[in-house]
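Provided herewith is a single structure, encoded as structure tokens, for subsequent inquiry.
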Amino acid sequence: MKNTTLPQLYQEMRRVRTFEERVGELFVRGQSAGSMLHLSIGEESAAVGVCARMRDGDTFTTHHRGHGIFLARGADPDRMMAEIAGKDTGYCHGKGGSMHIADMGLGHLGANAIVGGGIPAVVGAGLSARHQKSGAVSVAFFGDGATGQGILYESMNMAALWKLPVMFVCINNQYGMGTRIDQATANPDLHERAAAFGLAARTVDGLEVEDVVEAATDLMEQARGGTPAFLAIDCYRFYGHARKDKSPYREELEEEEGRKKDPVLQAREKLLTTGLMDTAELDALDDEIAREMDAAIDFAIAGEEPQMQSMFRDVYAPTEPEPEPVRTRLDRILAQG
Amino acid sequence: MTTLTLPMPRLGETMEEGTIAEWLVKPGQSFKRGDPLVEVETDKTLVEYPALGDGTLRETLVRPGDVVEVGAPIAMIETDDLWDGIKGEETAEAAVENVPAQSTVTTAQPAPRAATPRATPLARRIAKTNGISLDDISGTGRRGRIEAADVRLHVSGRSRPATASLAAYFVHGFAGLGSNWAALRAVLQRKGMASVAPDLPGHGRNAADAPDVETLVDWLVGELENQPEPVHLIGHSLGAYLATQAALRAPLKTARLTLLAPAGCGPEINGSFVRGMAQGPNRGALAHLMRMLGPKASQLDADALSAMAEGLVAGRLSSLAATTVQGNVQGIDTLAPLLALAGKIPVTAIFGLNDQVIPRDHVFHLPPHVACHMVAAGHMPHWDAADVVADIVAAP
Amino acid sequence: MALQETTYRDALRLALHEAMQTDDTVILLGEEVGRYGGAYGVTKDLIKEFGADRVIDTPISEAAIVGTAVGAAMTGLRPVAELMYVDFIGMTMDQLANQAAKIRYMFGGQIGVPMVLRTQGGTGRSAGAQHSQSLEAYVMHTPGLRLAMPATVEDAYHLLRQSLQQPDPVVFIEHKGLYTMKGTVDADAEPVAWGQANLLRAGADLVIVTYSRQVHHALVAAQTLHSEHGINAAVLDLRTLNPLDFDTIRPLVEDAGRAMVVSEGVMTCGVAAELAARITEECFDFLEDPVVRVAGEDIPISVSPLLEQNSVPTPELIAETARKMFP
């Protein structure tokens, strides 16, 4: 578990934000693999606040907007950015990209491009943890959009039934793509659903990262003890669904109001007002983080493309024969003589 | 300082063009890395295009409201930095060159298809290996297509005596079917020997009636006359009699004659078998009759017996049975026409050692020019000893 | 343990029992696998020996059953999830096709998903349109999933044991019409290797390529073809559809020149279609006839036994079709 002083929490949140800003830049440079990039700007407190309470050996799954969570859990921004760029030097050798990044070393069982798709894996990880008596918790991170998926309720029910060390974290950024939460459900008090299944459940405002840490501390302790937990974190998705769409589904006024709910600036203000850090220190920290993330971009761009032959690797275990490429097969069939 | 031509960026997966919303930097103005240069609108997004390095905007090439294709030049800038994917001034020209020329597209007319003979892939391969044109081969397969056996026959015909390349013409026995020959034909086919095996009148799918043996012989002679080449005529039981008679009447179309368990070579016969078959037996009765026929026949399963019983319509064969067998005595003579064939056509006979329908001892009545073989079989040597029979039949 | 007389169902249980005895990480989970003993009795009494922590009754939540198995497999267990009927595979398809099948690849080979999804399919019990399908093509159409379909009592045991050794996810589809079939299992014998087809009957005239219950229909048809028509048909039991043992198919077809693929799944875009296409491509120069598919009708399965039986290949249809290949 990490120290959770406000300067540290601010630093982690700033790293997430700057990373996400650089991801946008990577795309404009034409260096990103694809345009399926979902930025978590505005949601930094959720990622940083919950990850602050995770320990070595804990596992987690994330969703399509999961850069921040992985970074907050200790990911190397260089390899993350390289993966987003589809490079061999990335976490998944360029095969996963932004939405399928994973690292078993950090317990990251995978980001997921299917809304809700990564949720039940934590139930299985919970079974493993109990079987192995490892004391580990498995955490599913997902957005409010996933509360529309049946798999969430199947998974919460099983976790509660079997009393597994599992935690469900719903980052409620108010939007499932272009549909606001109150247009998608008659009861936006999401924690009530989890409570109905017998989970320890809370909703917390994500504006103050320390509030998130407090809630996560409480719930994760319960989860570790066999009472699975659910935490909804209210925040606002600053930009569009994928990168910066022009958001025709919401008013400019609403966006302006929403962006005032900025956990990074909030923490920065608090550091200044409490005198924990001064402007010069904060600027220096921000600059250092900017350099770290610039370096990540450079690393990504400098990275090698995957080898063509790697295309057929890892469909099955390395001990197994690789699938025969279409061209090879056709050359064989249509060979002369 | 290098002058670069900025192309319209691709700002969305499916973006092909975008509308310039606003220039955020004016010509002559300098900018730093990350400064937004221009705002671009697509059907999905309104995006700022940030500078990828420090520099100065020299000239804008498009104005707000202009709809611009991805890759088309939008501005000239000066910079010391490298901008990914953007090279020096030649880029703009390259982009222009990349626009597909509005040349006329010619559609290739398909060449008229040559009329190639229909042949199976295996037949084509064998023909190709042997350097043979399929045009020279006539097909005996389904709908007249050329099969491997046709080609093999052709190949062997060029290098072996004519007899080896003979096609076989099978004549089944009383209450039999053309399909009775399938086992033997399959073996012969692998030896490169083509064959046909029709249902005789009064039998199976042949709609014609067969009141007596003369009708059958007439039909068979007619069929032989229609064969393009002389055949190796192979008859079983009553079919052996028919084949012998037909060979005598169609000598030019009969290169060779083989008789299996031939009828008409002596007086005795198992009359209850013949009458049982003629009566249109049910499945149970048929199972009993099949045990008389031989080991393979006695192993037929229920489904096979049902199918066979269905084909044996009661009464269809009773007249034919009456003219060929009375009691346990045969009413036909194969020996006389066989004698008449001496010196004209090579004749072979094959008897089953355990024949329960026609006594094997009839072999002793055959004239000396007939080559005789005794095989371990019942009345159906081509079922019980298909491989042995095939070797005899295919021998040059 | 030497040779023993048993049934397809009990051979499966034997395999599960042995695996659970020798490997503490093997767990079973699914609807009714515990106290009920499995809808078809395959897991009967295992809960008594191994306890409810390893033989886990689940709610009726097919997607989460598979998803849980995925997560468990990624974190050190070797789960055997049971899907009561393969017809429910649609409920699980995201977890199966998007997660289990792709995790090794998407994550650049970091980790595999060594799980087995046991299920059963096919006709024969008048179970109706939603409990009688043969949906193996859904699985075979997804790279990353192994697919085993035992036809014999011996393979019910050996293929399941082998499936539990695989480093990748295996979908193991039993046939509901075979559970009571008797046979022998020799647990000590060297089984046919994983991924290899088994030639159950030799024959030089025609190769019948098939799997699961249709193996038995093909054997009956081959006997008829031999005794009634003298046609010698080989019968090849594929055993696994992924891996697909084309190396065994090829020489058989090249020798015979004629091939038929028999499958209970519907004809269009089915396993038989894939096999026929592949045989045609690979063995084209050796073919004397089109490779024919004898497969399920392109219709749902009826509850009426008469309609049900005739919706899928019968021994008669196989024999009749083969017969027509020899004019």
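Order of writing sets the chain letters: A, B and C. Residues in each chain are counted from 1.
Note that a contact is a pair of C-beta atoms (placed from the backbone, for glycine too) under 8 Å apart; a residue touches a chain by one contact, two chains touch by 3 or more.
Keep in mind the model is a prediction, meaning the values are calculated, not measured.
Distances between chain centres, each the mean of the C-alpha atoms, put A farthest from subunit C. Counting C-beta pairs in contact, the chain pair with the largest number is A-C. Ranked by how close its C-alpha mean sits to the mean of all protein C-alpha atoms, the top chain is C.
Averaged C-alpha coordinates put the centre of subunit A at 38 Å from the centre of subunit C. Distance between subunit A and subunit B, defined via averaged C-alpha coordinates, is recorded as 58 Å.
Rounded to a whole number, the gap between the C-alpha centres of subunit B and subunit C is 30 angstrom. Shared interface positions of subunit C, i.e. residues touching 2 or more other chains, are given as 284.
Considering their complex, residues 9-13, 34, 41, 44-50, 52, 84-85 of subunit B touch subunit A. Residues of subunit B that touch subunit C in their complex: 120-125, 141-142, 147-148, 179, 181-186, 190, 296, 299-301, 303-304, 307-308, 383, 386. Note for the complex: subunit A touches subunit B at residues 25, 28-31, 34-36, 240, 243-246, 301.
Across the complex, subunit A meets subunit C through its residues 59, 61, 90-96, 100, 102-104, 109-110, 112, 114, 117-132, 138, 150-151, 154-155, 157-158, 161-162, 313-321, 323, 333.
Contact residues on subunit C toward subunit A in their complex (touch as defined above): 25, 27, 53, 56, 58-59, 61, 63-64, 66-77, 79, 94-95, 98-99, 102-112, 143-144, 146, 167-168, 243, 281-282, 284.
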